[in-house]
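Got a structure for you, written out below as structure tokens; questions coming shortly.
We just call them A, B, C and D in the order they show up, numbering each chain from 1.
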Amino acid sequence: MASKFYAIVIGAGTGTGTAAARRFAQSYPVVLMARSPASYQDAVDSINAAGGQAVGVRADAADESSLQAAFARVRDELLPGHRLAAAVYNVGANFKRAPFLESTVADFDGSIAGNARGAFLFAQQTIPLLLESVDANPPHPPTLIITGATASMRGAANCSGFAAGMAARRALGQSLAREFGPRGVHVAHAVIDGVIDIPRTKGYNVNEGAEDGKLDPDAIAESYWHLHTQHRSAFTQELDLRPYVEKF
Amino acid sequence: MASKFYAIVIGAGTGTGTAAARRFAQSYPVVLMARSPASYQDAVDSINAAGGQAVGVRADAADESSLQAAFARVRDELLPGHRLAAAVYNVGANFKRAPFLESTVADFDGSIAGNARGAFLFAQQTIPLLLESVDANPPHPPTLIITGATASMRGAANCSGFAAGMAARRALGQSLAREFGPRGVHVAHAVIDGVIDIPRTKGYNVNEGAEDGKLDPDAIAESYWHLHTQHRSAFTQELDLRPYVEKF
Amino acid sequence: MASKFYAIVIGAGTGTGTAAARRFAQSYPVVLMARSPASYQDAVDSINAAGGQAVGVRADAADESSLQAAFARVRDELLPGHRLAAAVYNVGANFKRAPFLESTVADFDGSIAGNARGAFLFAQQTIPLLLESVDANPPHPPTLIITGATASMRGAANCSGFAAGMAARRALGQSLAREFGPRGVHVAHAVIDGVIDIPRTKGYNVNEGAEDGKLDPDAIAESYWHLHTQHRSAFTQELDLRPYVEKF
Amino acid sequence: MASKFYAIVIGAGTGTGTAAARRFAQSYPVVLMARSPASYQDAVDSINAAGGQAVGVRADAADESSLQAAFARVRDELLPGHRLAAAVYNVGANFKRAPFLESTVADFDGSIAGNARGAFLFAQQTIPLLLESVDANPPHPPTLIITGATASMRGAANCSGFAAGMAARRALGQSLAREFGPRGVHVAHAVIDGVIDIPRTKGYNVNEGAEDGKLDPDAIAESYWHLHTQHRSAFTQELDLRPYVEKF
């Protein structure tokens, strides 16, 4: 793979993160970031085993210095001379249903930290790199993709902290799209509206057990790749993704 | 092309319609429908010349009997034994800016007819065919794509009739997605938010004349193709498409 | 009642229409319009009996000449010399749930006619009158209020025609608000999200039979009156109204 | 004023906060909270001078212990035996336009703190009190009103931190409305879309200097009062408020 461009996925240890890394690895070296190497190591190994090029970097999205150190490592050690083609913010934090009066402000803070503050910090790291790539003859417009959820669109009972964090993250994405679109960086937000089919959700009975009733992470990743490859005359800022049987 | 599946584009005489037909013709025989053969003949010829398979059929989307006759021709004469893989509703009607008090109810009726009533009638023809295809081992989930516009999302001064028609069309698409998604048919709505780059708009000065400041119809068509190929566990109901420099 | 201003409610034969007429009759003579005198006669009588001033006029909102004749009667016979302070479009048409493939285009047309075309025609009659009132020292900014519904906001399975009509009506309201707000006419849209408590819905078991689980028409009317009395520096274009126990 | 109910406004030192306090003081004793007594002292004095009953309490909405202490003072010292009828969250924080790459995470944190975290904490204090009032025969349904802004609805270039905080706040309000509406507490969100007419904005040239081109705080307060007095069968969760001449 001769490309001097690469992709980064943060929150790489989840179904969507891993699948996105695999998909982008078909065209770019990929960096998988997560707080714990246990989250990304298998994915890194399997991408490399399959002929792709992947590295894992420990990073806490909500911690500015951790993130700065991670990006410095990518730049100086892991992929020197490479340019950023695509970045995916896929950190999910503090999703849980709890009555508001049994929630604490720590729950709220935790949701904001991972769901919104981390996205802000990740964008502060990646937007300058993506801007540099605009003029470097990239294969596709440099892209920042932000993973959203049902709660990004509307609050729900027993979901106040999570919804607040996800709504903030979506608003951030809209702001960035409006600010950096005209400079050639594609910022997109994907509303994942349903349960993702991963080991942890194996036992969940969703959509009455319908076949394909949970989102296949590879299917999500395929739409992320499509977003990345869109021509700059026709950028998508937001799309929803949900199983055919999902109520909405 | 041995596929027994085919695609239909109505409103085929426009930039988006022609481009969608060309894109889907890479995988399917395509039927181009429009009120006048002059609208589709060049596109039909060029698809056939390029090795694809295309036929044109005269049809007025807003006229039930015209549409019924057109679909009967496709079924009985043009593509007997074929099944419908994808249908694109791309009719655009009565886009014009006019002060409300200088508009007539005929303007309103014209917008409704082409923008919403036609979509209703087209869906009544295509949904049964798409449902039949669900169980016929189609290459991708059978798909109805509806082209929308900025005015689909919000009304605007001097735009009351057009906005009403486009909003109705969008609501129709949402209704169909919720009703037929669970039965395996993918109904998607694409909000085209900007000026499309076609001969008629050549002189328009949009986005300060920025390069790629108008939507390339082929770029739109590429996203339509992506919608069609989405896995049923991750359908998009709505996406927006706009030039990177477009204000929104 | 010395006011030379008056109010009109069309679709006056329903719970909301009647309640709005009663509420506005506390300050203005009111005209109640409906297709059949049976719809408004009781309300007209009871307003007059209570010391208000009310007249009923037969009018079909979706029929241009019927509407023109009705407004001519108001102007020439019923309330000569009066000016229009407020108009309420409250016609509801063709609400029914039916599978799309069992619906006909006549269902679609019927929804458009009463839900959107009628609103267009009513606005064409009332906007010029409201504009004239702007400079006539009205007690409150001249106001057009449009009644909406859940389906105004989103399509739903088995609800395609109704949703299309209501979405068109909402878009029309947005367009008019943007066009005539700056000229001093307040155009507002109220999303009634729930079942209204009227004789016809007495037996409906909604919200598990909770007390006040259906909208009280007088409560709706109170918010309509508030909309009418808003200062022009702080107009509401849209509000929702729903029972406290309603899921949304 | 014999009512044993009272109202609280936090962020009381602004045009909207002061006006809301004045409006609610027509029916209730009011507590004005702000970080600095200088913010509320004039308003407190003028309400008392006009025959109302007002007290000021120093509180930092984003600081849990500060807020707890403030509410303890109200309960134990200032208005013992009273019940909460209405609470208004009107804190505005960190509104400024700045390019994203010149913003710091401290800007983001500041917006979240005042715009969203404070609302979470304020709701944690007020929701239990409002729930207690539900069964205490209150004059109107106990109400929490949250002030929003244009940025609550959509992100904008150079506005990422502020938009994130305001979007989070709106999602919080939606969550609370869905959770506590069925228990009788009315949670409403008001989108203030425009410049408010206060001393600080005197020199702003908005809407081409049109008369009433900025929102009159008293007009906002009048709609807040209307929200509070809505019957529980017809609660508004969200309304917008903007000058008649405002573009939207």
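Things worth noting here:
Everything that follows uses one rule, which is that a residue touches a chain if its C-beta (ideal position, glycine included) is under 8 Å from a C-beta of that chain, and two chains touch if they have at least 3 such contacts.
Note that this is a predicted model, so its numbers are computed, not measured.
Mean C-alpha position of chain A lies 46 Å from that of chain C. In this assembly, the C-alpha centroid of chain B lies 34 Å from the C-alpha centroid of chain C. Centres computed as Cα averages put chain A at a distance of 31 Å from chain B.
Multi-chain contact residues of chain A (touching two or more other chains): 178. Taken as a contact graph, with one node per protein chain and an edge wherever two chains touch, the assembly forms a single closed ring in which every chain touches exactly two others. Contact between chains, using the touch rule, shows up for A-B, A-D, B-C, C-D. Interface residues of chain A facing chain D in the complex, by the touch rule stated above, are 64, 99-101, 105, 108-109, 112, 116-117, 120-121, 123-124, 127-128, 151, 154-161, 163-180. By the touch criterion stated above, chain B contacts chain A in their complex at residues 141, 178, 181-182, 184, 186, 197, 212-216, 218-220, 222-223, 226, 229-248.
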